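Each structure below is given as structure tokens.
In what follows, chain A forms one complex with chain B and a second complex with chain C.
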Partner chain A sequence: MEAEHPMTFADQVRAIPGGEHLEMCFSCGTCVSKCMIQQKLEPEYNPRRLLRMVMMDMREEAFKSPTTWLCSTCDLCYPACPQEIHISGVIGAVKSLAVEAGYTSPLETVSVDETLCSGCGICVMTCPYEAPHLIEKEVNGVMDRFSEVDKDKCMGCGMCVAACPMGAIARPGVSNPELVNQIKIKKHKDAPSLVVFICDWSLRADDDLTILESYPENVRVIHIPCSGRIDPQMALIALRSGIDGVLVCGCAPGECHYQRGTYVSACKISLLDSMLGQMDLADGRVRFVQLGTQDRGRIRHEIDGMLAGLQREAA
Partner chain B sequence: MVDAARHPKIDVRTYTNVERVEGYVGNFKVQLREKARLVDVDRCNGCGECAKVCPIEVPNYFEMNLAPRKAAYVAMSQSVPLKYTIDEEACIHCYKCVEACGPLDAIDFSQEDKVVWEDIGSIVVATGFNHFDPSVIPEYGYGRFPNVITAMEMERLNNSAGPTVGNLIRPGDGKNPQRLAIINCVGSRDKRFNPWCSNFCCMYAIKNAVLLKQANPEMEISIYYIDIRTPSKGYEEFYERARGMGIHFIQGRPSLITQDDNTGNLFVHSEDVALGRVIEKEYDMVMLNQAAVPQPDVDTVSSVLNISQSPGGWFMEYHPKLRPVDSPTDGIFLAGACQGQKDIPASVSSGLACASRAGRILHSEEWQIEPIIAQVWEDRCISAQGKQCGLCAKACPYGAITVETGKAAQVTTAKCHGCGGCVAECPHNAITQMHFTDAQILAQIRALLAEKPEEKIFAFRCQWCSYGGADLAGTSHFDYSANERGIRVMCSARMDSDFIYEAFRLGAGAVLYSGCHPQDCHYITGQRVGATRADRLMKAFEKMGMSPGRFRVEWISAAEGDKYSRVINEMQETLNAIGPEKLHEENEMLRPEMEKRARRMYEVPLVTEASDYSDEMRQAMSDMEEPHGS
Partner chain C sequence: MAGKPKLAFYWAASCGGCEITITELGMRLIDVGDLVDIVFWPAAMDFKYDDVAAMKDKEIDICFYNGAIRNSENEHVAKMLRAKSKLLVAFGSCSHLGGIPGLANLFDVETMLQRVFDTAPTLDESRGTRPQMKNKMPEGEIEIPKLYERVRTLAQTVEVDYFLPGCPPVVDQVWNVFQTILAGKLPAKGSVIGAAEKTNCDVCTRKKGASGMRIKEFKRPHQVQLDPEMCFLTQGVVCLGPVTRAGCGLPCLNGNMPCRGCYGPPEGVVDQGSKLVSAVASLVDTDDPKVLEKILEGIVDPVGLGYRFGLAASILSDLKYGKKGA
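On to the complex of A and B.
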């Protein structure tokens, strides 16, 4: 009997694991302000409204909404939601329905250069979104393995770009050559030079961005989508080009916009720091800091501290 | 309060704990522990000389720990009685206070706790509520950011008798704040902490904002809210007045507060829901309007007084609409916010209601109860024979039954509410319930199943819910199978397994076991006793090979007439699906087992003989064979 009623959009979303508890939302707006996408990226981004669209059966609008595509399932909102709604789960359910309906992600995603890819599968292990997978296909009469990226799953964090040992993956804007090009500093005689790789999501307040702009030319700030994009090689290139220090800033553990980029990068950069120390090459030249959502103004202390350390080292 | 303390018929006992309560309505015996205050209250005149000389300072709880107090102290200057107390934990025994007290000689370090018993007619519980501690919400930074304060701290800072004599300052640096954010629903309407709406905070936030704005019209005040709730008389008008005064209302629950370390100013991040935009605004001070939560020792009080608690921990009233200040135990009443979050008018009303309810008891020579109480046949109770049992006491939601091995179980008549749970639980048939005796219920079952039992759906309904549900189904003209036959008992706890066995032994097609939803039970935990038994029966029938659906357990409220008719119709469908031949076959197969289990039932005398508890009846019962299941 029930089958005669067509399923509403809300029913369909609820039927997908993660899409439950949708109707519990009382529109308090916690999720919207906890998330940084609206402030940083897209003014139309609003998870609360997407939930409303689902409830009000606005299927097409929901599929076209940037909210559906931009959520990176960082789950900052989930523990803050007073109604305990797994918001990223609901958004994920809408997204999977949108993909089924033929919509595609508008995001900048990574691409694999098949002439370089060795099919090792490291990118598959690195990606938090299960976007890359290995495929086998025939090239010049020989079967070979390649990595292929599902464009609808890729969020463009660039962790795989950092992980790829062949340099076969590129993400527009932050591919290897583009980043290397940015590591160029006019050296001052008496001031140490510093490259700051800063994750775009780790700074919440506009004040913090103003702080970054206030530094003179000897401090070069390079914006990256995620600290997981930085591999040790990038730091070594910077040091080799004569720069005194490299500071990598990511989000606090548990607050990473791409789930685990900050963790991956923290491991890599700390390891590099201790290796350089053991080789007596450079002490305190490479550092990784994790900035939490409530660490307003901390970036200034970190950069000043690093510069002071390098100054001492030089003297 | 002072008037109350001076009244010749009112005896105020402060610094005293209630440790035990025995007895029943009109005849409570209460054990009190009068804690040693190390000051003789008869001698102390409240001059405060002891506090002046006391060298020890500890945080003052009354001032929300914003100010110190001495180890010799009164809680506040308006304390009644105005008698000092020495905080033994903080005291270093320098005895300067003894010197200062001088000839009054009120300080007595040899004092010890005094335990006294009092005869009490009725008890009013007015233990109030506590405040939610917002430091467990890390995103609001309470406890880390000095200028984030709670509503109660604001209350003291803005009070002319408070630590700053009414000068509102920031705890961080002592500056006067010019921009204030008030955040509502901190810990309320939040499933992570307390799912309830704390009722008075909206009005409380508006009151604070209006007070501050009146004192300082230049002040910029924003109230962040999810919904503003102003449901009582004059409340909405007050909200309107606040808006007219220029107080800023922002719909949106803040998700984060950050602090500028240099200025100590706070940034509140929230969505403005009306705009659909994330806003970040700077304030000098943030006030968190915390949730109202039950007192931390609510479990102790509820076990001492035998009051049940609702899911959040508030004390449970007898009936939310019709008996809102009565506790389930006669003679104990609930006043104010111990029963649930209430504002001042509601607390005063409930206090007045309690006074009149309690007065009714104090003025009565006799107390009438319903005649459906439980009675124990002492000669059948195995406890009297020195064996351990006590199942009846366990089933009783009111603690009306006391069992001591060697003595028969005793029912305190004044406490019994007549659910019948003990009667059904007793494995030795040593208890009966007046007007709902086994003989009476059995006669009903036998009469209703006398003809064509296999076509019948036999329903056991509880007085307060499922009977009402069936009634509603009838008055609402919902169609349901005419084969339904039902009887009424007071509670699902009274639905003895033997009755179900007997119904099936007589060949009933299907049996419905119905009562209240767990949270709605009229007898506190009676439904739970019934539900446990029903589960056991369900498993037993499954094992015996009964077709599923013939024994059905449903919790149906008095408002669910549609559910009642639906359940009966579904049961009819089940019976139709099984078919009369298979049903008959199954009944024949089950009968020996049912006969064995319900053996006691066909020895219960006819109701005409059993209507009075005559000596012959008692003899007949005690002559019975050892019943089943022991």
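On to the complex of A and C.
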């Protein structure tokens, strides 16, 4: 009778759908060069090394690695891989083993306020990561339905925070009141005022951040994790407070760090613009721009262009 | 209060549906008559404005005011009733949020007058004739009220104590509110009464959307065979349930039609239509800008959809007319 070999770490990863192409990696590192997380957030982030760790049975190290937890399956690396490995799939397989082993995500994730949640399921349908799901439980003797978020699946993009009609979902730093509080501008007599909601991932270079910091007080830059976090209600609140324009910046089509955020945002701003148009208010005061990998420095032209347009409109 | 509490009903810019709700009280109307003195109800009883003007301030105990503020007469009576009433309740969607008349904020008054009196197809020979503000009659000169540029809600005109939403408010809620007021068990001033705090989805029993269920095409109710068991959004049909306060008992949904939003936004939501956009846009499924454009063509009238009952109260109206309003 054939002896049963204990499954290696690599065997376990391969057994999970997505993990099967593990051994095709020959450690070229092209994936690392494509990765926005490695460039912008975590220098230790390295899919190539994680795949090696799996092959070398370095279970604990792999589970503790930021690579296991930070991958948002944007899949920028996927078309670049010469071996056509769906790397996020392999990382996902490692992550599910890590969760099984009791490890938890180090990310800021969202939480649901059950006193507000109506159980509509919009967050469930919105989330790119299947993090929220509806549960039923008894509250004061009555069965009620709520959304519950799987913290290990949540990537903290905030798309559900914007989608939730009740404002029941919050993520530290980007909850509704926190963002609205940032919409405050010292108005200059002669210069139009502009709020820029910018997806942090859409800025590909440090130079772009420097550009944003160079603007005077009439331009307020509000950083959001994803342009999909933008809430049209917030844009309207900004305009009603006397601010002249709202610019939303997201990633180029196909480059969204959270898969769908850039389209969700495009859709929101397009509908908002249609509504402003129906009210004879569409005079370029709300815009959505998509900044791609090749667009270093473009943010300055976008902001200056919008300010000039608002100035003309005011004249 | 000495004797029975005094009650007033008034209709301003509204369709009359709110008045019909009162008649739907049926046999309970007899109880109403026993419990209160009706001192003003132009739609049903013979009172004149002069009767109200002659009252002392705060002489009326409860005033239910339905209808938006569309013209100078609506405003005049709103101010008069405010002064004469202890408790002023905005009754129904029009006084609460502007209602259907509030959709007039999409157009300027001249455009509307042109449409109504000059260009609308008609068999009447009087095409092109406009009503005059003043007319000489044998009895003397008469005036018609001035139409305002902006349709406003009651609360944008005078201080309102409570809001009873709905187009019209469902009759059982009206009865509950009536009894709550008589029992003196009202919540904090400025509250919405006769409705819940959460949204219609909280009480809707349709099967909700699962992960990955997204919208590839928006459909209007007449374009699709609607599954009565499933959430409308999962069927690509925009339902305002997620952005609408519960309390109506879901008559539209029970008739297999999506919610239109007449109960207004839930507690904590400022602007119903833009919140709808935020929720519904989050469900759109495409990674192609051209397809996205095509999908959005399915929403033919975003303002009419998101603000069907709330345009007058919306931030859009504030932006168009300035915060205070024309």
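The rule is simple: the second predicted complex is superposed on the first by the 311 of 315 C-alpha atoms of A that agree within 3 Å, B and C clash if a C-alpha of one lies under 4 Å from a C-alpha of the other, contacts with A are read in each partner's own complex, and residues count from 1 in each chain.
The criterion applied here is as follows: a residue touches a chain if its C-beta (ideal position, glycine included) is under 8 Å from a C-beta of that chain, and two chains touch if they have at least 3 such contacts.
Remember, predicted model here, so these are calculated numbers, not experimental data.
Residue contacts after overlaying the shared chain place A:Q83 against chain B, while chain C stays out of touching range. Chain A is touched at more residues by one of its partners, and among chain B and chain C that partner is C. Residue contacts after overlaying the shared chain place A:G29 against chain B, while chain C stays out of touching range. In the superposed model, A:Q38 makes contact with chain B only, not with chain C. Of the two partner chains placed by the overlay, only chain C lies in contact with A:T126; chain B stays clear of it. Touching chain C in their complex are the following residues of chain A: 116-122, 124-127, 130, 133-134, 144-145, 159-160, 162-167, 228, 231-233, 235-237, 239-240, 253-254, 260, 263-264, 266-268, 270-272, 274-276, 278-281. Put simply, chain B touches chain A in their complex at residues 138-139, 141, 185, 189-192, 226-227, 251-262, 267, 269-273, 276-280.
Interface of chain C with chain A (complex): residues 105-106, 198-202, 208-214, 231, 233-234, 241-243, 246, 266, 268-271, 273-289, 292-293, 295-296, 299, 301-303, 306, 315-320, 323. On the side of chain A, the complex with chain B involves touching residues 26-34, 38-39, 43, 46, 48-49, 77, 79-80, 82-84, 204-207, 293-294, 296-297.
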